[in-house]
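In what follows, subunit A forms one complex with subunit B and a second complex with subunit C.
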Partner chain A sequence: MSAPTRHVFRSRPSAARRWETGALWVFRSSTYLVLLCGALVFGHIVFKGSHTVFTKQAPFINVPFLTEAPESLYVFEYKGEKKELGDRAFRAFKIEHPEAKDVKAESYVYSAGGIFPCIVGTVLLVVGSMIIALTLGVSAAVYLNEYAVQGRVVTAIRLAILNLAGVPSVVFGLFGLGLFVIYLDWNVSLLAGWFTLAFMVLPVVITASEESLKAVPKGFREGSLALGATKWQTIRKNVLPYALPGILTSSILGIARVAGETAPIMFTAAYVVRDKLPWQGLTSVSDFFFQGVMALPYHIYVVSSKIPQNEYTERVQYGTAFVFLMIVALIATTSIVLRNNLRNRYKW
Partner chain B sequence: MVTAPMTALTTSAFAMDIGTSSATPPTARPVSTVPTPSVTAPTGTPASAGPILIDIEHVDFFYGPSQALHDINLKIEEKKVTAFIGPSGCGKSTLLRCLNRMNDLIDGTRVAKGQIKIRGVDIYERSVDVIELRKRVGMVFQKSNPFPKSIYENVTYGLRLQGRSNKADLDAVVEKSLRGAALWDEVKDRLHTSGLGLSGGQQQRLCIARAIAVEPEVILMDEPCSALDPIATVKVEELIQELRTRFTIVIVTHNMQQAARCSDKTAFFYMGKLIEYADTRAIFMNPANAQTEAYVSGRFG
Partner chain C sequence: MDSPHSVPASDFLVNNKRIRVLGLSFDDAVKIFFGGNAVVSVVVLALITYFLFQEGFGFFGQNHRNLLTYRQAGLEYVDFIRTQESGHTALTRYLSDLRLRQYNRLTIDQKQSSAAANQSLASFDAFAAQYGDAVEPIRGLVSDLTEQATAIKTKFLIAEDKKVERQQLLAAGKSAEAAAVKIETVDFATELKVLTGTLPVYKETSAEFAKRLDVALTNAPAMPAPELAARLDRFRQLTREYVATFPATTGSLETWDYARPVPWYQSFTAFLFGREWLTASFWQDWYGIVPLLIGSLMVSLVALVIAVPLGVGSAIYINQIASMREQRFIKPSIEFISAFPSVVLGFFGIAVLGQFLRWLSQQPSLAWVPGFPFSERLNILTAGCLLALIAIPTIFTLAEDALQNVPKAFKEASFALGASRLQTIIKIVVPASLSGIISAVLLGLGRVIGETMVVLLCAGNRIAIPDFTAGLAVVTQPVHTMTGIIAQEMGEVVRGSIHYRALFVVGIVLFFLSLAINFIAQKIVRRYRISIG
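Entry: the complex of A and B
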């Protein structure tokens, strides 16, 4: 390089410059730290879970794990050979080999078989509660934002909704237990779980729906009203469609929360184990709504709280967590695709 | 023709419309004190013999506690272009939005005193259905607001609200309205593309097409050209000249040349009061009021 340039625009060290550099690095490192945490958690689950979910041989997917109900696992030694068999297989084995009748086997609950009932239960819980939450939440948001006279009452309602978001999920669980399970006598049922979970995500849905309604320009409403539309016609044809992408974004957050919560369903909807699938053994339609289900997060909790922990229980836990993440990712991706389609249709 | 909107706005009152209102004397200058304005009007043709369509009588209007309009008296003639001019905040847009009750949308607004009659019906009366009113009194906004739908859907929006869904019927109205808004030739090949893909001036004409598609009697225009470039402005002004044969037009404008170019009558507002109302030529060439003269000659406002 040549001699240092001395023009008027040369950079000079100053406090502002040092702050600029410092601030940039604080922001940058914070972001990377978050990324690192996320990657560690996901990586851990994916790494350990994939051993359970994927196999080395032909279908490469552990089909029984995804399609069967949980069973106890029996581990024993037979003729110098270590065997791990699920409940049914173990009994069949004992019939086949009568001499093995008194073999000493260690048993581990739910460590064999699969998690199919939990997958079904979680999907049912998510779909039902999101339908309830979106119906109630969007209606409330439309009322608050489009119809209600803005004043103290509405402010108080908004404050109450925000406070609701801060209530711990176990309190929602107890609330559901008290109101739906006991008082309304719905028992531990899908219906009770749906409403409990829906109430839990309502604040998120209402707040986000209101924000996306607010983001729709006032001109669309005025233009429509000036053509002789009623308020509801205006909202239905010319406000809600444009707010839908934002509402869907909020519901994606809601889905992740609903699917993952354990506390609200442990008192209201979840069974530790249930041998029937939700569509089996129904005598009437209403039976469907008044049955408990197994659910992924609760299954993780149940298996994880078994003592002692060992390699057999760990397999199920990580496998379940992995499957759970995949399901949430799948539902969320569907919503995101839907949202992006809507966004492209209505651009302004 | 569609006469459905007629019914709800108290049909009986409409029945007595033109007969009585044309009997009332043509508009005068309600506030100005200088006499014989029409004599000095350079046109020599007062052109104010038309029947009165909108009759604003002693209107006081409030936004919450603050009064925006003070005792407005104004008679707007049928099939004429009436311009409201005045500096910002003078109440001209407020008055315009009273005419189709768009102010109802703002919490805490009220017409405290007086009446606004359209064809003899007080539009703030309890029995008036505001939906029917707005079907008859269309509006074009300052910021063009085509809906993020196709051009076709934009124009048919008002018709579909009325339950008209016959394809051939809608097609005909779309063509008629777009021709009426001098937009047909520019968009006829892309009726099903988004209205937001149009230029600013085209968007505003699309909004006009949307407004005339429902065949209103009155079109209110709230500074329709303030966001447009001069060429687009000229097109909209030419359009106003064509529309005046079919509709009664009330236009709010900041642009005094625009008022002078395209209106028959002009009302000058200041501080929520109607200062002067007369034939446009009289207002600009020979204003009766000193404030009006100061404003139109650019000395304030």
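Entry: the complex of A and C
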């Protein structure tokens, strides 16, 4: 039999070519390895957490888990039956069955009930801090980019802000502790948490907003000014509308960062446990701002480091992680999708 | 007067009627609003930095007093003898390691029962017991002196507290009550006589201790295996070296003087080069950052070793090799990974990864890997793997940007000269964007060093310098980190105490470290950027 015919332009297999194919595969597999690791972590949390958050019966969502406060879980054997009851249910059970008064129960803190106060706390923290950060950040960016005389001072400020963006979040937590909690004597409170988180993302917001303002061509401003518009009219009608989408996407990324951070709120705003919801038991309006709250990330830290790992505690651990991951992932996805759309829309 | 030609108020978009409030037009007000916000932002950011330093710098004064008390109350004196005692403890540990080796040899290699093995080790045990007991007199002396020194220290601290109390009463204008506060002045010279008076006793005890060790050594049984015999010889050698340090200890005890001043810089050096971070101890607190710094660096190093090849590799793949479809799918996915909250990753490490790595390390087929098997599920490796996942998106995004900025002409010229795709990537594209890639790696390092929750949950939190003699296996040891210690201990310390301030100083170190990393990264990009054109 004759050798199979080769096409004249087909290159010969050679050592160099094999090398190249091999190297390309190394690059390719490293990329997919990264994706695989990310998918594994995400998938594991989602898979295990969905057992807690979703149910097989009618509403399909575990409503108590999302609407109740954390409780201790009691595990005990009663008349040959293994029972798991939350704190309140366990007390009711004891009253109902007086003979079960001395039953020996193992207790696990935070493992029953739900995580409603944590969700509320996180939402409050994120909303408040983002309002502060956006007001200050966008205004500062507008001032620095549109009004300020570009000179050494502004360049220095810009450089300082850029560098502050890389400072670890736990250091911002210390900042907040020193200034808001201790010096201004706000104690561990919602207000201190808002400001700490806001100033943590402020460098990011300022830098990103300036970037989008800079991307608006100079001609837009000059044209408007030439028609006799004032500075503010120019900014409002001809600069901000084009910069706004960019500012918004970057700020959504900021929201994801604020929601995901634990270290800065550990000593400025978060309580391990608090019975009351933020709007309960207030005597005056200011009480609302000067109260600590429970927060999802801190709750995850507490349940994963302070209580043992077993089948009873797993439920709340994975459930909380799942809910938190979903919230943060949703915010992040929104910003990524928005940005990709924007890239295609504005081009000049 | 009514004019027939009255012009209706014009409705121009650009309306220049200037309403002035307080002499400011609307435009000025807007400018002031923006400017005010900018000033507030900048001022608060500056203020927060200021407070970090304000809280932190008090530490050095307090630490100086802390070190001064250590000397004046005679704790330093006692620690000379204590060091001698702990040297002996280290030697007995060597001895028990020797016994374990011999025992393993007997039970595993020679298949003896454990009873028989213990039987044949009886003479060795007798020797070990004799060697171990030799330290008893010294140990007794140390524990006596410890009590006395602690008493002096407590007395001094109480006196200091009283002084503060009197000051506060005076400041509040209650002079009568202030006068009533009784302050016992501590006369260190006389108090310390009790300690320094034991020097002759110490010399006697020490001499006897040396003699007892010597006697014990002569009773050492012969080791059957040559390897173990060599170890026993080494042990003899170590003991002789140890005994040879006794005169030096006696010398430091003789020349020790409580009144010798503690130089001011020592509170800095004790912090920067201190090898111990020991808090809330009954004896003496030490604030040395070295174990924490090394912990942070080790964890980051492991993370970078994993993240740099993967991050840069995938950046090259996406930018140079992948098809458009792959790009559109992979880039957002990797950005999505960067949104994983670190506390969730930390939880994943505790719940899954730690267990998995330990299980993996205990597989017999992997026993050749250095450090395998290990039993601590939370260690440098676990934390490093998770931190790598945090660093990869940062490195990937920035490195990809850098690759994107390489002018297309470079690549085209390379192809035109007949270079293959791989040659072009390795010899042209990567070198051209190297400054950007390096700064991407540096920023990844900054991200990793500042990460808190993952290391707090997964690094094992043991405050000790890892044992570098173990070689590569060092990555399977638990450590504590700078970020971790702040997060862990800040909630429990008393405000204004030395411990509290020490944590702020750790924060300052982190602050400067991240600034330096950022600064260098920017510098590299500016300095070595290839001019595009």
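Everything that follows uses one rule, which is that the second predicted complex is superposed on the first by the 293 of 348 C-alpha atoms of A that agree within 3 Å, B and C clash if a C-alpha of one lies under 4 Å from a C-alpha of the other, contacts with A are read in each partner's own complex, and residues count from 1 in each chain.
One rule holds for everything that comes next: a residue touches a chain if its C-beta (ideal position, glycine included) is under 8 Å from a C-beta of that chain, and two chains touch if they have at least 3 such contacts.
None of these values were measured; they are calculated from a predicted model.
By the touch criterion stated above, A:G80 is placed in contact with neither subunit B nor subunit C. Contact with neither subunit B nor subunit C is seen for A:P98 once the two complexes are overlaid on the shared chain. In the superposition on chain A, contact of A:Y242 is made with subunit B only, not with subunit C.
Once chain A of one complex is fitted onto chain A of the other, the partner contacts of A:G223 are limited to subunit B, with no touch recorded for subunit C. Contacts of A:A332 after superposition on the shared chain: subunit C is touched, whereas subunit B is not. The wider contact with subunit A, measured as residues touched, comes from C rather than the other of subunit B and subunit C. When both complexes are overlaid on chain A, the residue A:Q233 reaches subunit B and subunit C alike.
Residue contacts after overlaying the shared chain place A:Q150 against subunit B, while subunit C stays out of touching range. The residues of subunit A shared by its contacts with subunit B and with subunit C are 227-230, 233.
Residue ranges of subunit C in contact with subunit A, taken from their complex: 13-14, 16, 26-27, 30-31, 33-38, 40-42, 44-45, 47-49, 51-52, 54-55, 309-311, 313-314, 316-318, 321-322, 330, 332-337, 339-348, 350-352, 389, 392, 396, 420-422, 443, 446, 449-453, 456-457, 483, 486-487, 490-491, 495, 503-504, 507, 510-511, 514-515, 517-519, 522.
Within the complex formed with subunit C, the subunit A residues making contact are 16-17, 19-20, 23-24, 26-28, 30-31, 33-35, 37-38, 41-42, 44-45, 135-137, 139-140, 142-144, 146-148, 157, 160-164, 166-179, 182-183, 199, 202-203, 206, 227-233, 256, 259-263, 266-267, 297, 300-301, 304-305, 309, 314, 317-318, 321, 324-325, 328-329, 331-333, 336-337, 340.
Chain contact summary for the complex, subunit A toward subunit B: residues 149-150, 217, 219-230, 233, 237-238, 242, 346-348. Subunit B makes touch with subunit A in their complex at residues 5, 100, 102, 105, 107, 131-132, 134-135, 138-139, 141, 143, 145-149, 157-158, 161-162, 194, 196, 207, 210-211, 214.
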